[in-house]
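Once you've had a glance at the structure underneath, I'll fire off some questions.
Order as written gives the chain letters A, B and C; numbering starts at 1 within each chain.
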Amino acid sequence: MKLFRFRGGVHPESHKQATGSKAIEAMPLQKRLYVPLQQHIGAPAEPQVRIGDQVLKGQLLANSQGAISAPVHAPSSGTVIDITEHTAPHPSGLGVRTVVIETDGEDRWQDCQKTINPFELDADEISARVGAAGIVGLGGATFPSAVKLNLWKKHPIYTLVINGGECEPYLTCDDRLMQERPDEIIDGIRIMLHALHAKQALIAIEDNKPDAIERMKVAAHLFDNVTVVVVPSRYPMGSEKQMVQTLTGLEIPAGKLSADLGVIVHNVGTAYAVHSALRQGRPLVSRIVTVGGGAINTPRNLEVPLGTLVSAVFDYCGGFGESPARLLMGGPMMGQLLPHAEVPIVKGSSGVIALTEAEVAINRPRPCIRCGSCINACPCGLLPLEMAARSRKGDLQGAVDYGLMDCIACGSCSYVCPSHIPLVQYFSYAKGELAARRRHKQKADETRKLAEVRMQRMEQEERAKAEAAARRKAEREAKSKQEAVV
Amino acid sequence: MIIAITSLSLLGLVLGLMLGLAGRYLKVEQDPIIDEIAAMMPGSQCGQCGFPGCVPAAEALASGSAPVTLCPPGGRVLAEELAAKLGVTVDLSAMADDLPAMAAVSEATCIGCTRCFKVCPTDAIMGAPKQIHTVFKEACTGCKACVEVCPTECLQMHPIPVTLGTWAWPKPALAA
Amino acid sequence: MNRQVSNPISGPHTHSEQDTGKVMWTVLLALLPATAFGIYQFGWPALFLWLITTLACVVFEAMSLWLARKPILPFISDGSAILTGWLLAMTLPPWAPWWIGVLGAAIAIILGKQVFGGLGQNIFNPAMLARVALLISFPVEMTLWVNPLPLISSHAPGFIDSLLITLHGFKIDVYSGASVMGHVKTELSNGKTLSDALSQSYDATALALGFVNGSLGETSAVLILLGGAYLIYKKIISWHIPLSMIVTTASLAILMHGLHPERYPGGLFHVLSGGLLLGAFFIATDLVTSPNTRTGQLIFGAGCGLLVYAIRTWGGYPEGVAFAVMLMNAVTPLIDHYVRPRIYGHTATGKTLSYSNKKLARVKQAGEK
């Protein structure tokens, strides 16, 4: 099949050999699980349990709120011992509302609603069950999957793209999943095809995963409408925009969705989760996590119950051989720095990576020499050097004019910059500052409205008072006149 | 002679009428920029700038007699916007980046005096005489008007906590 | 435990091996063969001039950094000042007196680079700025060409003599002669035909190998090509500027030669003589002062090539690479402003992309095996 090239991109050292050949193992259950109520993009879930409640594995802990949100379920059976702020797996080190479960060690499932034939269900029912299972984009974006499954109502969907790109260095969780559970993934894909009323599924896998390609091809060959497509290994192949461009030669128009082109992209892990949710009725309570990085003694792929602390995962992998320079959640290109290891594994944790000093290659920033490496690396056709210069000066509008809002934060520019300029952070800063200004403006507008209402009310009260006074005066005068007459 | 008197009177009358109409309909009420600036201000009339309200403050800004950094609730963002509007340069570093704050009632010391909600420019405080008052977080603008009138100091400003939703990346430290 | 991190570190948490210092040192490495040949060919005075110019650049850089209260060592070690000095030395007459080198270094580093704010901020190529300033101010010293006197040859001045040449300048006419380009220009303006002018001085093989007189480092076309190829292989520069510059000059030369064979020299002569190759590979490609985008670089290179030909043919100076590059440096911000890559999802004019139904059909074709 004909493939298309996306502009730019980089070839970081893959570092996948350490875990690519290691089978998925189950992470042993920990005494305590810390389940954050926000593991997805959108509104945090609202707790449905109270401290002291006994919960079973898969039981609803917190319900989704609003259109874009996802529920959270108990990853194992036990007792809710606290609902508190616990450090989120996020570079800020801030807390997030978290349900703490003391596990009873029995790992007892609640009664699950099994479906013999999900193809008899209608699309709404499937997306409702996917939503209720708390499934979000497991590639790391954590966008609620049910929302995407409903898009066929607005846009006719022709192609479901299953993203097995896994272009981030170190990560092999999708690779292993495809090697070990291909039939389950294909089943999940077919359920999603049915729900989306889509004609075909393309499973795109980077050519550096020959085993996964082989296994998936074998599993897919039974179905005419499911095709495995081998795509070249180039970062950021796994980004939705670049993936769609590679497969179709079309770009997602600015500000639009891939659904506008008739394409929906889901991760392979998501397809697997859909299979579990529909066939076994099991909500998303665990995920495959690559534990890697040069500082880890025995890198592995683990199936980890959500809420397990990263520190426990590291310990299970033999701890550190060398003291790590940075702890990351996700890959080294787009992954987030962890403030410390006492944060839980969440739905979006594709990997936890402990990098050594040498792997990080820390270097102090130097002046830009306008070499244009960033421009050639940018897959979106932006001018990172100009955007960064404007963000630094505080000229945020200037940065927007240069395409700040089209930046996908893939980090290719920072990766190649010979001057080690933290380009991505300039863009994150500018985007955050713009969002803060929007919020401020909104608040100011609300304030103005409230103040106006108050002024009107005060005026009304004044007027009412004056009228009342006038009336009283008139009454008094009328009275005195009467008296005079009498 | 009568014709002359009549025509001159008519002329005077018509011109006078036109002048009167022009005065009424083409009146320049005030410098339009004052309205524009007033529209940019928070509009809560909190008085922290030292002017009796947002419109007088806008007048002062337009005449150049007040600095663009005068409005604490507006903060840096407003100061930058005002500077751009008025075409002046402004040293924002002097303007402390005050963390946004919000008033909260300490229930232990509130005596229910109702003074605070009488001065609140956005009706963000609810209460009745001899009842403990509360602040609506959504409506509080952090103007501190209530703090000044509270006889028991039970109203205090508390910084709005940063959450994952409002946290943003800081600007990178300057390169060498 | 939920303590806000005061200075969080943003990704990516890995980095390519590329580094500003590495870029500069690679360019220096690429310059080495042509430089070594120049020093061999023009003897000790060339070595002294090269050393003095490079060292002076480093000293002026350190002084400027100290005045600007910037860290000295990290900036010196990036090699950018050495590169400026080295490039400047390569474009100087090899037996030029020491003060030409020092003055050139001062102009290049202080006026050409540091007053703009240092590395990455300058508009003009510092080495070319210095060369142009020197050429205008000291036309005699800057056009005194020495005939090749290889180090091992018997006529070559000894170490002490060479030191004197560098310190006091040389006036010994016996060693000197006009450069090929200068000679041709003079002869042509005297009304002679091209074949007459060329018969005495032109030998394409000698030009290609570099056994001719000229600036310190620009004589050997082969070695400069070698260095340029290395830089392209190392992805320090792209082929766009050198190719479009050389092709433009050469095709203009071929065109004009075809029209008036006795008036205008041919393409090969223009490419091999003077500083065109050195300029195309090492000077016009200066990262700071050339456009950032590939298309911009093609325009920039073509502009340089056009100006080189125009100045050589119709200008007052026999050589025009330095002027051409500087003029195009001035246009670079304009090119960068107008020539931008198309942003993903937008049309070339910045509007939101929209596809025809025919194009959208590609989504359906995508699954076909």
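The rule is short, and it goes like this: a residue touches a chain if its C-beta (ideal position, glycine included) is under 8 Å from a C-beta of that chain, and two chains touch if they have at least 3 such contacts.
From a predicted model like this one, the values you see are computed outputs, not experimental measurements.
A.B. asks: Closest chain to the protein CA centroid?
C.D. replies: Answer for the innermost chain: A.
A.B. asks: Tell me, please, which two chains come out on top when C-beta pairs in contact are counted per chain pair.
C.D. replies: A-C
A.B. asks: Determine the centre-to-centre distance between chain A and chain B, using the mean Cα coordinates as centres, and give it in whole Å.
C.D. replies: The computed centroid separation for chain A versus chain B comes out at 40 Å.
A.B. asks: Please work out the Cα centroid separation of chain A and chain C, and write it as a whole number of Å.
C.D. replies: 49
A.B. asks: Which whole number of Å gives the spacing of the CA centres of chain B and chain C?
C.D. replies: Spacing between the chain centres: roughly 60 Å.
A.B. asks: Multi-chain contacts only, two chains or more: what residues does chain C have there?
C.D. replies: Answer for chain C, listing residues that touch two or more other chains: 4, 8, 10, 74.
A.B. asks: Find every residue in chain B that makes contact with two or more other chains and list them.
C.D. replies: Chain B, residues with two or more chain partners: 162, 167, 169-170, 172, 176.
A.B. asks: Indicate the residues of chain A shared as contacts by at least two other chains.
C.D. replies: 92, 94, 364, 366-367, 419, 422, 425, 428
A.B. asks: Spell out the residues on chain B that touch chain C in their complex, using ranges where they run on.
C.D. replies: 162, 167, 169-170, 172-173, 176
A.B. asks: Under the definition above, what is the set of chain C residues touching chain B in their complex?
C.D. replies: On the chain C side, the touching residues are 4, 7-8, 10, 70-71, 74-75.
A.B. asks: Taking the touch rule as given, give the residues of chain A at its contact with chain C in the complex, in rising order.
C.D. replies: 1-2, 7, 10, 12-13, 85-87, 91-95, 158-159, 169, 199-200, 202, 225, 227, 241, 245, 247-256, 261-263, 326, 328, 332-337, 339-340, 342, 355, 359-361, 363-364, 366-373, 375-376, 378-383, 385, 403, 406, 411, 414-420, 422, 424-425, 428
A.B. asks: Across the complex, what residues on chain B touch chain A?
C.D. replies: These residues of chain B touch chain A: 42-45, 73-75, 77-78, 120-124, 138-139, 141, 162-164, 166-172, 174-176.
A.B. asks: Help me check something: in the complex, which residues belonging to chain C touch chain A?
C.D. replies: 1-5, 8-20, 22-23, 74, 78, 80, 118-121, 287-288, 291-294, 340-346, 352-355, 359-360, 362-369
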